[in-house]
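Below, subunit A partners subunit B and then partners subunit C, in two separate complexes.
Let's look at the complex of A and B:
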């Protein structure tokens, strides 16, 4: 197994990145504001949050796959290519430099394995193309590699299945094919955008096992996007919780799960149902209210409107990143101010 | 796949049989027959015709017989001997009249279809990919003009302009000296120098329509996740677009090929009259007004054949480009 030493040097560092969407009729919407993330080889960072909080947008920004009306007005996305760092945020989306990173260095698995694969090309064709593009192999060699990959991700009868079209496969097999495709050129970073959301629980567990095992084999870094805390517990080393475009809390997954510091993270934890005996059952406590639209976001902490602890500085002043313990950071005024003052 | 084709062929034969019955019924439908029209024309010119002569002609052509008997004679002639009957008006076998005309029709309209696709594909793709750009608006405006201007008007304008600017008339398909010559390089050149005008005129409306359909289809497909997947592979943008969404967006267009041919034939009648083209359209019109029933029947029948063959071709093309159809037919 090609075991890459667990260097502490980050592979990808996102610093202070914002993403805005412009529209001809309305003011620009800032979908993501000042996000900091870093990914290390062999480790998995889970990006967690509810729909529309900007987690997918953040992931797509790393590959510059956003729509034309999206801009990255500030911040940098530093990717360590091995020969110095490249700032992906400054590359043109369709430039040669960007395209040689896509797929070869950073690749991505998408949520819907049905619609994310072309309906009119065979699985093998779509994977071959990838290998031929980046490694300049002959079509025949590429197909050998494709079959080996499909075999590795657990597609039975890989040689025949390579000639199958996506609609001839089950959801689980399609996602396996998608994973085989993403791994075709042994990327250093794998972005998985809700890869198990469209699958049933059994298949979900298999796919998660597969991803973890492949990560051990290849030693790649993984950015895992999900809204399922159960999945996070299963795969992640680190977690970043997003709410309405802000990373509100991040850190080691055990640390954050055990001692969540941000009220939103705490509320998320409390809304996970637990199996227990009838006598021990407690009512789930939902987070009150609904997510406001990014247009109505308070200029301070985004969670102000729903936070049970909101106090004076929250609506207007954006909380700074506060170190809670080693590698555990949260953005909340409660942490910076004395609790007595907060409760007063 | 073979079974698919065989099924289609059987359905084709049945359809053609139904078309033949309907075609024959339609040409029999107007009151009277060729002889009444003929006598009326003679009378209006002041000629008198002996009723017994007419009766003799009526016997000879078999006009007095019941519908089924007439139909049987006609269809058995076609199937058995390839004999489509006699044209009353031209006093000649229908077969000698129509093949040349029909050949011209298929040639001109085939070229028009070809022109439509070669012009519409790049423009439609451009209009979708650069949505709301200047080029898209120009294509849209051009498309609407192309759709709105009647073919024959366009033909007249083109004739006028080519006379004013180049001093040539663009009627007909061949110069007189090449009219009945065999195909040769100079004849092809002569044909091309004249055929561009009718091809252009016939292709405009279809091109505009194709651009609109392709743009709409492609706009739907461009937003699909598989396009993002292709982009995430690191393919260059033009390759992403041509290999994936364009390929899928073509499906509905390919299925239109089937009825394109017959539509062109029937819509080209007026253009052919205006531009004096020796195609099947004007011949059909003339034969219908004079109740020249065997000629009209043969032409309608052959239009039916064209439609059915066109549909078969587009079905096969569709099965070829879209595996979902190919495997669904198993």
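Let's look at the complex of A and C:
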């Protein structure tokens, strides 16, 4: 079994974090509202939601890779460096401290490997550069490390393939090269933003296997962003469901799938076709309407406009985080107002 | 049931490169495809990227010309016609019967046209109606797909992805077609919107008496919507079976692999490590000798490397597979999959 040091102590704690985007001729848009997350070594947290819910922005905030017009007006992102905690939210994005964390301590893989790798450099050169930037190694040593990494992520003929350009590789191999680069400095936290969305199912299964294997080997924490509940069920230890900038429900993945408490989570799960025989097949019950723009978000619960259970306090009053069971919280007025029924 | 469309020995070869100084290389995108579409059914065509499922759809509507083979269409109350032999003028009336819905709702709608005109265009091209009648038909069709009539004066950019897909569906249905080919029609949509569109397709099928060819890579969606499934690999049909038989007990190892790879939205059915999934789809240009799947097949024998299996009926059932060992292999289906021990 892999050694997971201090498994209970969180590696990264996001507390009460908000993200706003400003624009010269419009009011600020709050893309993420008071999010709380925590990541533990060796565990995977899946951040789930539909497009525009703020899941990618949240992940990018952790690496301070946000656009220039984005600010983090409140909250903290505490990262345990081993020598005390650093509040990433207070670091300058281009400061030395941030750059020594980004890539080395916290690393990221993206959805589309074709557009996130340089098309005019070989994958070997790109990984070499990454290693040399963070560690004092000669180009020769770096290349040795690169080949070993490519080999480890399952690129066949690693030494030759290091000289290949991204366009010469298949989608699966490109994603493996991306993963090799992200792992080059053995990060403590890996952020994976829809890493398998652009891949075919058999390739997706291979990449998910690889990520699990690497997590076992390195004991790193993983923040996994996806819209696919099937993938969540496959890889996650914990799940956080986002809707329009709010984390509406979070907790242990088994618990949340078994007893989803927030109407949005329930609706999302009812929208996915189940693999069942014709006789047991149920008509899908989709969520009515569409996601409103963050500009039109109700000041209370963001889901009010589409929620089948919405009642008096929902539009104006934001629901508090309510503990449903150990490590399972949801933001919904139903839980506070009908505790007996909701907790049953 | 009556046959609406049959594809016979259809092949499509693309020639790559070539030019002044010589012949290009041939790329066989579709290899001897045979299948039939029955009136009123939903036939799904599944496979991974590059398997030829989109090319097949395009060959059927004659957006691409075929290299050899026939596509026989049975018009209402008429003799079967071979679409591949018709010229542009002859095929035009049949285009009313066979319509297509595309994957990306943004790039398949003209950004410079109002929604009303997008939906009205097929009626105008076919000179079917004008004036008040046309207007009524367009608003009626938009209402059926759930677009309010006061939105008809707006441009596509003003709509969300799900609404745009509804507009694309309205454009396909306004001519009252018999066969609709939906090419990855819900793949670009968020799950909650995808569910809305799937339900809509289901309702419209009943209302209009439609037949669907549903091209998709998502087996969860296919299990939900399809009556029959055709599995393609490298330009071949490797399995063709009623949905439930295919998901219960696949007869081709590639189908098993696809089902095995499918993530299920239930952590208690987590599959753990799937070491059996090996390799990647070979490049179409160097298709393996013998069975196209043998390079990735864990059951492959010597025979598979030399002799290409033909698609054949298995044990006299409605299930067809192209595997030498289809009768004897005990392949695992997707319903109530047993939990695999984590290695």
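Rule of thumb we're sticking to: the second predicted complex is superposed on the first by the 335 of 344 C-alpha atoms of A that agree within 3 Å, B and C clash if a C-alpha of one lies under 4 Å from a C-alpha of the other, contacts with A are read in each partner's own complex, and residues count from 1 in each chain.
Convention: a contact is a pair of C-beta atoms (placed from the backbone, for glycine too) under 8 Å apart; a residue touches a chain by one contact, two chains touch by 3 or more.
Computed from a prediction, not measured in an experiment: that's the story for all the values here.
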Open item on the list: One more residue to check, A:311. First (subunit B), second (subunit C), both or neither?
Closed with: neither
Open item on the list: Between subunit C and subunit B, which one touches more residues of subunit A when both complexes sit on the common chain A?
Closed with: C
Open item on the list: In the overlaid three-chain picture, which partner chain does A:201 touch, first (subunit B) or second (subunit C), both, or neither?
Closed with: second
TODO: Go through the superposed model and pick first if A:21 touches only subunit B, second if only subunit C, both, or neither.
DONE: neither
Open item on the list: Just checking: does A:273 make contact with subunit B only, subunit C only, both, or neither of them? Give me first, second, both or neither.
Closed with: second
- [ ] Go through the superposed model and pick first if A:120 touches only subunit B, second if only subunit C, both, or neither.
- [x] first
Open item on the list: On the A-aligned overlay, A:253 touches which partner chain: subunit B = first, subunit C = second, or both, or neither?
Closed with: second
Open item on the list: Which residues of subunit A touch subunit B once you look at their complex with the stated criterion?
Closed with: 60, 63, 65, 94, 99-104, 107-108, 110-112, 115-122, 129-130, 133-134, 165, 167-168, 181
- [ ] Going by the contact rule at the top, pick out the subunit C residues touching subunit A in the complex.
- [x] 48-49, 160-163, 190-196, 198-199, 202, 217, 219-221, 223-225, 243-244, 247-248, 257-258, 260-271, 273-275, 277, 280-281, 334-335
Open item on the list: Looking at the complex, which residues from subunit B come into contact with subunit A?
Closed with: 224-226, 228-237, 243-244, 247-248, 321-324, 327
Task: subunit C partner contacts - residues on subunit A that touch it in the complex - done: 50-51, 170, 172-173, 200-206, 208-209, 212-213, 227-234, 236, 253-254, 257, 267-278, 281, 283-287, 290-291
